Each structure stands twice: as structure tokens, then as C-alpha cells.
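Okay, so subunit A shows up in both of these, paired with subunit B first and subunit C after.
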Partner chain A sequence: MQKMDLYGHTDIVNELLARYGVKFGIYKNNEFKEQLFPFDAIPRIIGNHEFAYLEKGLKQRVTALNLFIQDIYGDKKIIRDKVVPEEFVYASSGYLAQCEGVAAPQGIHAHIAGIDLVQGKNGEWYILEDNLRVPSGASYPMIARELCRRSSPRTFQEYHIEDNRNYARMLRKVMDHVNTGGHTVILTPGRYNAAYFEHSYLAEKTGAHLVTGSELIVDNDHLYFKDYSGRMEPVGAVYRRISDEYLDPMNFRRDSVIGIPHIYDIYRKGNVALINAPGNGVADDKGIYYFVPKMVTYYLGEEPILQNAPTYLPFYEDDMRYVLENFDNLVLKDVAEAGGYGVVFGNKMTKQQKEDFIALLKKEPRRFIAQEVIDFLDIDIMDEGKEVPRKADLRAFVLMGEEPMVWKSGLTRFSRNPDSFIVNSSQGGGFKDTWVLSQ
Partner chain B sequence: MKELHFLYEMNLAFDRPVEKHRFTLKCVPCSSSRQEISKLTVEVFPKEFLSTDEDSFGNYCIYGYSEGMHDHFSVRVEGRAKTGLAAWEPAREEHCIGMYKYQTDYTKPGPAITAFAGRFTFAPDMSGYDRALAYMRELHERFSYVQGVTDIHTTAEEAMAQGEGVCQDYSHILLSLCRMEHIPARYVVGMLMGEGLSHAWVEVYSGGRWIALDPTNNLVVDDQHIRISVGRDYGDCTINQGIFVGQTTQTQEAKVLVEEIYSPE
Partner chain C sequence: MGIISVENTDRLYWLGRYSERVYTTIRLFAVSFDDMIDNYIDSYADFCKSLDIPNIYTSKENFIERYCFDPEDPNSIYSNLMRAYDNCVTLREELGSETVSYIQLAVYEMQRARISTAPLIELQKVVDNILAFWGIVDDCIDSQNVRNIIKIGKRIERLDLYGRLRMPREEMLREVHRLSGRITQTQLKYRVDYLREIERLVEDTEIDYCTVVMKVDHLLEES
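Coming up: the complex of A and B.
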């Protein structure tokens, strides 16, 4: 591929991103640090046909996941029919008994899904992870695209790329679809949250109010926004960027000071929409991941279009045997961890570590999954003026409104370290824009 | 079968006034196949608004808000209950049993409970109910009722390790033992005949029905208990939960009075 005019603007775009406050906050050793999220100008380019295939597969997957969440907190047919063993549901930290029997407005639980994929060297795409709680990341390619257009308009005349500025419109459509009557707000824990930039950016782009918990109040079974003058405005939809545990101290963690007391009680009555619905963690648990292709077949009667990375559940005896025999070729993941933590590679352990790990695995087989290490298709990044190959994944965004919609862009994250497979932004990676060609 | 008059009273006193007080109360018994509730009155003071709902465990909840400054908060529930109408409770919805099969933070077993469970060998055809009964009998032998040595945060394992506790601890231990045997079991909060505090016991699911066992008193529940709420553990059944704004020290006084009503006939 010829060098794009855009590449020459990398530094300027990064400077602008810094000036706009595109930062990633992380807590390390109890200290809050903000770091820049380094942008690499070489886009990931996905062809029109290839994306159409991904789009179809992603819609199918998220539709099935949404049906699964409905079913788990309702009739539990999938457990009764023994497609998913019940211990994977009830022992999951994402399962919330408080959600039993609670109907989400319009039946939508997974309004915004961030589905992580990787492409193998064989060109095949694999799903690595489903994120159905509060997936973040859409704002980064949105603002990067905007800044790139400004710095190098020529590039965008030469290439025919799907415009990704429609994300805000899609999001607004979803929020309006489930709104029970009243304003739409984006609830942020505040500026010390890792994704605060995103909260404020999405509020600006969708026209929703950006609020903190103390500005929302439950009164007479309805939710209100209390403005500076004390006036109360009804709220019908809350795109909440705080996790389930902290949402409502009267129903979840009692020590939460960022939540809204009794918001869950009025949600249960159908008087406000929560985006995403509480309890979704039961469907994006790494243990449940194994069963997602089976859900597609079970609920939709279709063959899954997109595949999981080959995964083994030590919970099943056959799989345990395979894992022990092929330990060095596998990556093991703790189902309760996220953000690239709790991931270990069999071949990178010392003898002692291996023995300890296997003992733990035998003791708590449900706690781990094992996956084949996928031979990623590397993509190029600019490193001190040179193009060098690095591991990268793609977070695709699927929004569930009246029907599922896939955003024709996505967040491509890469590892800066040539030997690392872990691309999570919380571990110091960078990002790229994702271009979907329009023809 | 008995007809009982019950009264539940709770008073919270704050040494300095508080405001913006939000509360959720699970203190009202409901009719079921075992008990029939009538002549119910509920008073909550002070309050800006009160609302009611049923939670995911099927419990009747009252929730509300007292915005202004207040230095006390009181709840009074009074009514009549016909008890002992059936020996067991049918499962309301079969698919809601699953969550009662798994341990929670309160019931997770450790060495003490595992050692206790290791003393039992059951015939494979023995029902869940009979196993639970065997556990209860043995627990009653080996665990002592002592007030003040545990608190609301004590787990089953901690209580078992020290060998003493109150009804909450007896119940959490029995839940832990049942769940180790994959017997669905749930925590119950309610009132017991006589005068005192609220009581806790256990329901085990066996043969398609919930059967109530009171491990503190080593008995199968008959007509002396009035059930208020159920859940996976104490945390799901908190009678009074509240948050407010203010720097204060609160003192809670709660009283339960249950007396038999003798009909003239």
C-alpha cells in the first residue's frame, strides 16, 4: 500500500488528541494516573464484502446473547434443555439474583455490545470476547477520524470510507427506542473514571445530559434530574457508565456513593430504561463464552457465522485431559478477570509455576478456560518512522434498538511490545482507526 | 393450626438529626399456602413518599424517602396470621430454584464446615429433606446458642469455627451444609411466638416442595412461626435498610410480639 498523506500528520493528530483530553485513566498501586492513548495513523482497513460478513455474524451473535439474558432471568429454558450447565450461570459473578423476573424495557438487555475479534494469519476472524456490561472505546475512533479528516482532507477524498460519525445517531436511536418518557442522560462516575473522556464526548455528540449520581433522584416511583435551580425534570433513559454493583446502594453494593438509591426499584417497575441492563455479566463471563455458538443454534436455529477461538472447558473431563496434554500450546484465562488480567500462557511459565497452576486448575476447574493461541495476522504500526508489525484486535460495536445495528468502524487496539499478545488499553497499548471501505 | 396476633415495632433514634433518608423495608408477612395474613396495618414515620413492590425472591418490599431533618424513624406492623395451614410450601416457580443451590459469601464453607459435613454418610436414596434433618439434629448438638459473640457480618464458616452464635448463624451453617449436598435451601426471616426479636430459619427444597426447619430450636416448623421474607442469605432479607445524610450515632430498638388468639368457640 502506498504511503498515505495522512501518515505525515500522526504527531499533530496525537497532539490534538491530548489537547482534547483523550486520555485513559488507570489505577495502579492505588494511585490514579492519566495516560495518553497513543494513536497510530495507519488505519486498519476492512473491505466492503468482508465487513458485510462480519456484520451479519455480529448481529446474529448479539441477538442470541440478548435472548440468552432474557431467558436466564426468565424461564431458563436453555438450562432446562441442558445446553448450558446451571453452575456456569449461578456461580458466575455476573449473575445477579436481583434481576430474576425483571423485564427490561422493549426486551433489550444488551443495548451496546463491544465484541472483540482477531484475525488469524489464515484470514479467518475469531471472536475473543463479548463485552455486554459497559463496553467503552467507540469515542476514540470517532474523534480520531474527525481529527484525521481535518489534518489530511486529501486522504479522505482518495479513499471511499464509510463515515463513522453516525455512531452518535445510532446510540441516540437506541436510547430513544427504550426511553420510558423523559430526558435521556449519560451517567458518569466522574472525571476520575478511566473513560471519562468518552462519557463527555458521547454526551456532547448525542445531545444527552452528562450527569453524576447526585444529580438524579427517585421520587414517587419516577426518576428526575435535579438542576442547579432545584427544578426537577423527568428522566426516561439512563445510559449509565457505572457498573451494576455501584448503581444503587439500596439494591446492590451498599457502600456505593456514586449510585442512585432506589433507581433499581423503579427500573423493576418499568419506569426508567437502564442502558445496558443490569445483570448482563452473566452472558459475557469467559466461562459462558464457550457456549455462545451453542446459543446461536439454540435460540435462532441457525449455524453460527462467526467462530470462537478454539476453547476448552476444564470443567468437562475430556477438555481437562486435552488441556493437561497440550498445556504449553494454550493460553489460560481466569473467568472472573477482565482487562487482560488473569491471562497466562502455558509456555511462559516456569516448572514450579506450572505445577502450582495445574494444582489450582484441578481444584477449581470451573474457574478457567483454555484457548489455542491464535496466530494473529499482524498489522503495521509506525514505530519511530518505520512500519513494524504488531498484534492487534478489533472491538466491533453492535447496538440493539428496534433491530441490531453494527457500526461500520470499530476500535483497533494494538500492542506496542513486539512480543505481547495483550492489546488492552489498560495495559499500555495504542489504537488505530478502523476503516470500512464503502465500495 | 393457630391464629396469632403479631406486632413488629422498630425505632431508630439518631443523636443528631439526619436528612435525605432512603429506606427499604422487608418487614411485612404475606399470605402463602402455610399462613394467611389479615387485618394488616403498616405505619412508617416520617416519610415523604412510600411505595411497595415485590423483589426477585417474592418478598413484599416497602421503600421510601424522608427528605427533611428528623431524629427518629419508626416502623410498626400489626396484624393476624393463621399459621400451620400446610406442612410445606409449593415451589412458586420451578425455574427459580437454581439460585438457592449455590453458596454465597455468607455460606461459603471452609475447613470447619467441611469437617463437620465429613462426619456424615448418606444412603444414595436419602431425600434432601432427611439429609437436612440429620444436619440440623447434629448441628443442634454441637453448636451453642450464645448472644453477642457474632454479628450481622459473621459468615457460616466463622460461626462454625467458634461453635457459638445466634439464629442467623445456625441458619447460615445449615444452608452451607445443604448446598454442599446440592440441596436447594433458602434463608427465612420471620417472627416466632412469644416476645423478642425477629427470628431466622431455613427452608429446604425436597420432592418439589419447600419444607421449613428451625435449626436454632431443632424443630420442623409447624404453626409457631410467621414468615416475613426469604432469600439466599441474610443479605437478601434485611428487615430495614437505609441511607441518609448526617453525622450521627443511631440506636435501633426492635420488638416482636406474637400471641395466640383463642377463639370463643
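Coming up: the complex of A and C.
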């Protein structure tokens, strides 16, 4: 097995990742720290046929999610037809009244979707979460692949693996498709953002300008970027990596100092594309997640190809009853949290914690969802020279340009702790490359 | 990259200045440290005075440790390298990952030196990476503007340091010529009258170093 040759180079690949500044930022005790993202050279391998199935299901799901966002801020047919209860839409923190009636350029709201999946031990894939706001993570397998190919070219000669370094080209294609005329920029909150490496790396690879809010200005209903000689250069597309509420202090949070005043006004007029569009949070809310398979059927008239993890909404009486009866077998998630936070396992709570949690659940049933604990398929990682199994998920990336495209790779994150299901980098997880076999 | 923003221009310029400051202060520190081996006890005080940094150090040993490696000392070589890094890391799309990596490597070497049993000799690796960084700037960055702005920062910083350290006339002359040749190639706004004045001052037999430093520090300001 030639891939063993690659495994032997894990340390040098990690050294090179450190050299290229492949890090993520984290705040601990109000102090910013940069941490390396540990890479494990044993890849997740997805066969050609299996990926074709995932690809089909992912395209279907993201197409439906886009239609849902368009509908929610437009006709609201799905609410009128009682497929999704309005409480779930309007109570969602991701719903933005400011987006009502606003048409996104080319009708695309979720240009870049990060869909988190796990594979059960039965081989079935389950969707765990949709990320439609500012999903991150594509840069890590991109650069890791580059270094792995350099460290073990034989492995890549031997196996027929789809080249994942085309992500930047795919992204650029999406940016160009929606660009309203002018430069393309990547808007970062700045150097101390957790995903700053990714922002700068994608700017380098796509040829977009990396900018902060203070470098852009709205003038005469158009967006401009001021260069050092004082020239005002028009901007037609903004791949923004800052969250909705900070994007424009005149339309969203007034105290935002990282946004661009009036950018949302000119977006409304169709004079700039925002990638992803504001307001997408209404569709990736953990409560709305429950309804995504229904959206697929409603908008596309198709059966959903990919299934959710079995999910219950304590908001519904029947589901509340089920949750209380099966509390120890479920994982409960706070819909307002992300990054692996706000996730509790019923069987890990003390009696007191359980009582307190149930009281909260009854008081705020809309705030939580409950899911069956999926026994994910373990993936091996190298730990002190030995291959040991660990829990891992997969973030797949779906890009919506002229047509939906699924990146033939993805970010596989794993837990380094043998007893944990939490794979997030902010909680100590590592990452792997994801190989999609081309034949 | 066709256009450079005001912010990136500023970052490129300061990247040039801080990388030069680290490079030159390590070299000068090595000379000063050599004096200290022979127990010329006040040499660190002279060093601080010449660089116009406060002498907050309590002993020769304290100076060696803090001036080189103390992240809390804003004048330390470590702090200056971190400022170079902070500017560099925000310029990946202008410089490219390969170029950025040399400043990152200099930071790692500085961190290794800090905990090494022979920290001062380890600083050579920091210098090596800064030299490699300048090399790759020349070799891999296509935009002449980007290269020139970094180099203007570097030249201004060197002249500033050399002026403060009252370096010999030949050295001053060489640095002024390098700066004059470069600055006209950028679109940066600078004070032509100050540049002419600096060129004239370094020709004098008795150089007025204070005025040179003052003019250098304000060279990029508009009149």
C-alpha cells in the first residue's frame, strides 16, 4: 500500500502547515491566541459511486434551501401552505426583517454552503447541520493536499484521486457569475478573526482583494475600493466573511465598526453582490433543519436523497413526550449555539443537571432540538505511531453559480479525544484530507 | 494584483521597516554583546541611548534577556519581529504564502531562541530567514509597486537607524543613494525638499545626524 508512504510524512506535512501559517484563532480568557490545526495524513476516502450519490443529494438539498430563503423573504408560500410553522421562521435569530422583498443577484442566496455530514456504522450518510452563512474550512484540505502531494508523489500516482485544488477556481466562478461589475473582494473582520488564515489564503488563490470594512466605501449608490494613489475602483462582488449583523451599521447592528455603512442599501438596488446573501441564517437554524427534507419535497417535488439525523422538536407535544421518555439516549442542541457549543448528551448529565435542563426545555421548547445519537463510523488517525479509531464528520462544500457544484473533497474533522463526538477545531479537533476517487 | 489599498500600502511599508529593524538591531546587538563579554559594563546603556530607547534594564543580563526576547518590552527585537509578522500576515494575497512563510519561520526561530540554552547564537536563524524573505520578495513578487513599497520601508528604517548610530559617512552615503534611487520609482508621496536636504547633509564632512534622522522620519509626509 503506497499510502503508507504518505502516513510516514505526517510530521513534515504538519511542519509545513505551521510554516505557511495554517492556523485558527481562538479567544481564551479574553486573549487572542493562534493555534495550529493538527493534520492527520490518513485520508477519508470516498468512492466514486458513493460520492456521486452524495453529490446528487447535496445539490438537491442546497437547491431547496436556496428556494426556501427566496420564498421566506418573498411570497412565503411554504408558511401559507403550513409546511413550516411561522413560529420557527420569525423566532429564528437568523431571520432578518431587513431582507424582506430583497432580490439577490441571479436569485442566489447561499452561494457557498457547508453541509456537515456523518456516516453511520450502517454506511448511511446523515446530514447533521447546514451552514449557509459564512461556512469555513475549505482552505485546510486545499493546502494539505498540496503538501501531501509534495511529500508523497507516489501515493498520488498510485491512486486515482480527484484534485481538490480547484476549489479556488470554483469559488472564483461563483464570484464572477454574480459580480455586478467591478473588482471582487473578500471582506474579513480582520487579523484577529478565527478564520483569518482562510480569508487570506482564499484571497491569494482566487486573486480577489482581501479587505476590511474601512477599505470600502459606498458612494453614489455604488461600492468602491480606494487605492493608495486615491483612485476609486468599483467593486461588484463581496465575499464577506463577517456575519450579517456586523455587515452594515446603517441597516443592522449600529455599533458595528467592521462593517460598511449603506452596503446593504446598494445590495437592495442590485448594485453589488453579497456572497453569501444576508438573512441566510433563517435556513440554517437548527430548528429549521428539521424541515429541510420537507422543503425538498415541497419545492422540488422529489424525495430527499440525503436524510437528516433523526430529530425531534420539543416544540411539538408528541416530540416533547418522546424526548422526555428517551432523554438518556438523545443529544440536545441549543439552536442558538454553534461550533460544538450548546450540545449536551442526555446520558452524560447528573440527576440535578437533567432536572434543570428539563425545566429549561419545558420553558423554552423552541430553543432546543433533540437528536438520536448516531453511532458514527470511526476513522483511523495516527496517534503516537499507532492507528487508532476516532469520531469524524465531513463538511462538504456546495457552490451555487450558474449551476450547483459540489467540491470533490471536503473537510474531515476528527475528535482527538477517544470518548468525544465533538470534532470542532475550537474544541481541540484535528483535520484530514478527503479523497474522492475518480474511478 | 492591479491595485493596492491605502491600508496595504501602509502595511507593506511597515513590514519593510520592522523587518529591517529586526535585521539591523540583531547585527548591532551582536557587536554590543561582544563588548559586554569583556565586561564593558555600560555598553548596553550606550546602545539604548544611541537607539533612543529607554534604558529600563537593570543589568547586563536583564538587558540581554529583555531586549532580545521580552514580548512585553515594546522595543525588544521580539516585539519588532511580531510587528513585522502582524503586517506580513495581512498581506498574503499581495505577497503570496511562500513569501509570508519566511517571516513566519523567523518568528518560530525567535521563539526557539528564546528558550534555547544558547539564545544569542540562535538569533542567526532569525537573520537568515529575514534575508531569505527579502530574497523571495525580489524573486517572486511580480508587482514592482509592492516590491518598491517594502524596500522604501526598509531603506528609510536603515537610514534612520544608521543616523541614530552615527554610522560613518560612506555608509550613510550608500544608504541615501539607495533610497533616492528607489523612492522615485514608487507612487508614494514624499517630500522632495527633504530628500535633497538629506542628500546634501550626508555629503558634509561633519554630518548633522540629528537633522538627517528628523528629515528621514518625515520624508513620506506631504508638505
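As a working rule, the second predicted complex is superposed on the first by the 436 of 439 C-alpha atoms of A that agree within 3 Å, B and C clash if a C-alpha of one lies under 4 Å from a C-alpha of the other, contacts with A are read in each partner's own complex, and residues count from 1 in each chain.
We adopt the following convention: contacts are C-beta pairs under 8 Å (C-beta built on N, C-alpha and C of every residue); 3 or more make two chains touch, one makes a residue touch a chain.
Please read all numbers here as calculations on a predicted model, not as lab measurements.
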(request) Give one word, clash or fit, describing how subunit B and subunit C relate on subunit A after superposing. (result) fit
(message) Could you work out the angle between subunit B and subunit C as seen from subunit A, using CA centres and rounding to the nearest 10 degrees?
(response) 90
(request) Could you tell me if A:E86 is touching subunit B, subunit C, both of them or neither one (first, second, both, neither)? (result) first
(message) Quick one: is A:A64 in contact with subunit B, with subunit C, with both, or with neither? Answer first, second, both or neither.
(response) neither
(request) Check the residue A:V178 against both partner chains and state whether it touches subunit B (first), subunit C (second), both, or neither. (result) neither
(request) Using the superposition on chain A described above, determine whether A:I78 touches subunit B (first), subunit C (second), both, or neither. (result) neither
(message) Let me test your reading of the model: by the given contact rule, A:T212 touches which partner, first (subunit B), second (subunit C), both or neither?
(response) second
(request) Quick one: classify A:E100 as touching subunit B (first), subunit C (second), both or neither. (result) first
(request) Could you look at A:Y228 and tell me whether it touches subunit B, subunit C, both or neither (first, second, both, neither)? (result) second
(message) Quick one: is A:P249 in contact with subunit B, with subunit C, with both, or with neither? Answer first, second, both or neither.
(response) first
(request) Rounded to the nearest Å, state the minimum C-alpha distance from subunit B to subunit C in the superposed three-chain model. (result) 16
(message) Quick check on the output: what are the common subunit A residues between the subunit B footprint and the subunit C footprint?
(response) none
(request) Within their complex, state which residues of subunit C touch subunit A. (result) 1, 3-9, 86, 89-90, 92-93, 96-97, 100-101, 104-105, 108, 187-188
(request) Note which residues of subunit A are touching subunit B in the complex, please. (result) 75-76, 79-80, 86-87, 89-91, 95, 97-102, 218-221, 249-251, 254, 261-262, 265, 268-269
(message) Help me check something: in the complex, which residues belonging to subunit B touch subunit A?
(response) 22, 24, 48-49, 51, 53, 55-57, 61, 63, 65, 95-96, 98-99, 101-102, 232, 236, 241, 243
(request) Flag every residue of subunit A that touches subunit C in the complex, lowest number first. (result) 18-21, 143, 183, 191, 196, 200-201, 203-204, 207-212, 214-215, 225-229, 231, 233
